[in-house]
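The next block holds one structure in the form of structure tokens; read it before the comments.
A, B, C, D and E label the chains in the order they appear, each numbered from 1.
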């Protein structure tokens, strides 16, 4: 029978999840309600009894801790997407073939990135800058958003010339200024793995379980990749 | 451009309405007491009233989440009484908003009551008005401008604030997703067009209401003290 | 009876008031600015928290060692020295405020009558901040009356009013005092008001009672000249309306003869009290003739009181009553005025002090 | 000269005032409550924005068709009807507020003198809300004086004060008027204050000038009896101090003879103006003897004015001056008083109205 | 437990201090005008003043980011004048805070000025006080209680609110990372112990300041209008 589930979704995956939900509903009849927030906030809420059935986190750390603390159902944690970090500018001529050079020659006032302490994309961006040996040189030009959405806004509004943002945002159909993009080589940073987990509240919720499985279906993987994420091979 | 879902707006209005009503009910006696007491504890209470303001909303929200969760004494009592958790519910939002907006109600009211002073109240007592009667029929109308300030600040602030509400309520569409959270979410998910539309609706709506309130107020000029 | 035994300390001032005020008629509280008149009224009303001691009215203990009756339950009407109208209500609203609460307390205040008596009809829709000083004071008086009080406290209620207005309002206060028999405590620094309205008088100095007693006694006591001011000394004489003459004069009978006054609005037989100021009485050893003054009363000198100045106060017995005359020492010496000497008092100007409460029933 | 030609419309009231007030001495504005006295002062001060017309003072156009002098540049001292002390300042602070700004404007206000004259020494540290009504009024007067004004507007400044205080403050106002020669516009509803202090008088009714002119003229005009009230009618008579007698009396010369008064504090030769109330004068065809009244002046009747009531006002020429007597019609008929008849005026009580400004220099 | 970095606290205090000072400077004439004008535009201006409140802080921050960016007229002018961008700078934070907290300054002040009324100002004019002098030496002290409310609400709100500040300031440690952001970060990263410590420091500090302010204020009771 069709059930309904409340799924907590990390903000960076919100747009993708919003496209997945109707397709999932069409296929299974289950109703999904999405609640969107930062992973840290969602974690805190779950530990304080939030009525979420499943969590689509922006990292692996928070789902792992939820499992450890007994707020999630063992054996349900899986990576549903891998993030792609890109260097983006709304100016089509700003970034050339090699974004590393664009960063290195430094003719920009501000580089936006997410806060490495808060957002996995921020952590990746910091690792990539370290890898390129640019972190110290650029440190007084870096401005930080608390999440990738804010970081993107800083660039989109023209206040920062460049931003290290999620590929999914740069590629989003909602982005009216595709501009120029340089995908940061995945070797420059640890993989940005986003895990999903079934929460204790939703242990018996068929819809939530079904959605977690659905994330690994071909149809879903096609949508997820289209939004600029990587997916792991199905085991 | 699709027509945005207006449920969050209605929810916000309900929330702000409830919060403002409760704030007036709780804030009035507190402000009254502060305005008239000679207790040495007065500055301490005044400071405590203003204190929630200095904490970042999400952080306050976090502490409220702890304080109101069913495992806390308060949250537990609420669950025992109503069968529902206080967190992630509309009731929880109201409690959180009341706490956070308290200074916006208490301070203007206290200041208004202090300016009204004792003279008109003494006159009313000599016209057989009981203390409650004096408060309702003399002090309150004379403090009308203070009430207006309190209501506008509390209501608008509850509409606009989302940090506390997001933390305590959890952004559940149809239940706790108020308009501020909805707009916030649109901005965060690059849905700028929707954000603009919702913001414009909220601004125009608020503007019309506020102009109405102020224009009405203007026709009833209030004079302080006794003539 | 309003029994007071109270003490209130301010940094530079102490009110120390022990006196019983009569429960009928109007008691005037008289004294220089800052002597504590307003503070006394506030204590009676229960508005001064710092006051210690007892206040009893009509058998009820309003303030004492045990419980205190809160101000709004004392049934007091209070005309404050400043008008204290409610700025958020119109004049009509201010009056209705009082009347409505009086009705709830079981009284039947007559709004129409109060509005007429204080001539407020044209002001009813006005806001207090658009009223003149005197207009505010009139509204405040009407408002206090509409509480249908058991006791009326009036703090210089007529100070902001011109003579014409005062003359129009005073009869109304007299009616309250006599017909509604509401005891009134009345602060004033105008002795002609006091003489006209008051039965009893309390003279205050620096927070204490200097002297208290019936008005007639105090005003005709030569020893009070310093406290009251010599120009204000005078006797109060009971009189009864005899007849109204066609030329507009009213004939009054006093114990020592008869007096003629410009038309008095009172039926023959009405008891009145006349105020005859000491400085307006001329004495003559022989009965003078051919004077424009109609009122000449024969009497016998009972006391000649010399002060420090050039004036003396002569007290004489006229019929069964006392009369005071203030004349120069030179005249007294020249005319050989001593106790026991018979002489005539020529009274130019007489004013009606008040209707005599005690004999009202005989009308 | 203070030239006024102004109009101000309120919903129920119109002020329509065209009159030139003299630039010297004290002008009393007199009229019933609500007739527009306070509004007039406010217009002069520039506080009523709705006022149209012209206000000129001493050659400067304060208000007119072109530019308007803002209130604070007019150099006006204003004693408001309500005291309007600043609640956030002590009494001393209130006074200092005025004195400091006057000094900045180049004047030398004498704080010590003002404090002494209004007896404020003990009140200096007090907050306005701890003062009695009369105390507030005194502070307000002192504060207005400390602005060292070019023009003083006083709105019932003594209404809240007792007779003793009034008597103490009036000489101070007189000194301002005469020695500091500050023109004063003075609102009062107390005619004895007006008679004592004023040179010029404006009678108002319902926002308009009813009558204006020198005080002596208005108060002795029998036609003003209705407007002023018959008890307030009286003549002002110039006099000069002749001699001080040992028995405490002062002898004064008037054009028609001499008068004896209780000691007057003025050197022989000083010019004074006496106020003789009409209702205190007795007339006699023959010269009476053996009366306690010392002051008997012979004169000739010039006018007998009958009103509607039982009284008549008799005007008689005494020397070069006029005297009024108010007597009953009956007496006038019995005594056969007509213009041209010689008779004696018996004056019991005389009060000093004011020092005569015009002849001050001849002291 | 390590001693937390207090730089964000100092930055917050600096920001709130500047914002409050500027708010008083800008808010006073605006409140004064609103209290005394008879213009028909008054309710409209009053409504506009309150309007920033109804937008969620981050959203307002987003719009400010647009409005203050170097490519905007305002941001461009600033850059031409100072050589620096307004966004991501301390100056930008101040501008944003001022805008957002404006109603907390204007409304209590307006209400206080209205209660003072014209009578004491007229009295002051008759004591040769110029309009500015009247304002400074009569209206302001009589409106002291309104100033207190305005200062406490504006200051505390600027300390606590961080949505706008975060967006416009870019969270640059030492430059635009204020304490509210720092506490928020600790909560988001599950660093609860640090969050508690910082919150406690902020609360205790604010409490002491507020009690001091209120206790001082109490010793100068203010009476409305004229006596």
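The criterion applied here is as follows: a contact is a pair of C-beta atoms (placed from the backbone, for glycine too) under 8 Å apart; a residue touches a chain by one contact, two chains touch by 3 or more.
Just so we're clear, the structure is a prediction, and the values are computed from it rather than from any experiment.
Within the contact network of the assembly, the step distance from chain D to chain E comes to 1. Ranked by separation of Cα centres from chain E, the top chain is C. On a Cα centroid basis, the chain most remote from chain B in this structure is D.
Centroids built from CA atoms put chain E at 60 Å from chain C. Between chain A and chain C the centroid-to-centroid distance comes to 91 Å (mean Cα coordinates, whole Å).
As a whole-number value, the distance joining the C-alpha centres of chain B and chain C reads 56 Å. Rounded to whole angstrom units, the spacing between the C-alpha centres of chain A and chain B is 36.
For chain D, residues that reach two or more other chains under the stated contact definition are 82. Residue positions of chain E touching 2 or more other chains, listed in rising order: 58, 62, 181, 184, 187-188, 222-225.
The multi-chain contact residues of chain A, meaning those touching 2 or more other chains, are 41, 44, 150, 153.
Here, these are the chain pairs in contact: A-B, A-E, B-C, B-E, C-D, D-E. Interface residues of chain D facing chain C in the complex, by the touch rule stated above, are 10, 12, 31-34, 38-39, 81-82, 122, 126, 130, 132-135, 138, 156, 159-165, 189, 191, 229, 231-232, 245, 247-249, 260, 262-263, 279-286, 288, 290-294, 309-311, 325, 327-333, 335, 337, 346, 348-349.
By the touch rule above, chain A contacts chain E in their complex via residues 38, 40-41, 43-44, 65, 109-110, 112, 115, 117-118, 140, 142-146, 150, 153-154, 157-160.
Those residues of chain B that touch chain A in the complex are listed here as 58, 62, 65-66, 69-71, 85, 87-88, 166-167, 170-174, 177, 185, 187-192. Every residue of chain B that touches chain E in the complex is listed here, in rising order: 42-44, 46-48, 50-51, 53-60, 62-63, 103-104, 107-108, 110-112, 114-117, 145-146, 148-149, 152-153, 156-157, 159-163, 180-181, 183-184, 187-188, 195, 199, 202-203, 206-207, 210-211, 213-215, 217-218, 222-225.
Chain D contributes residues 45, 47, 70-73, 75-78, 80, 82-88, 97-98, 101-102, 104-105, 127-129, 131, 136, 143-144, 147 to its touches with chain E in the complex.
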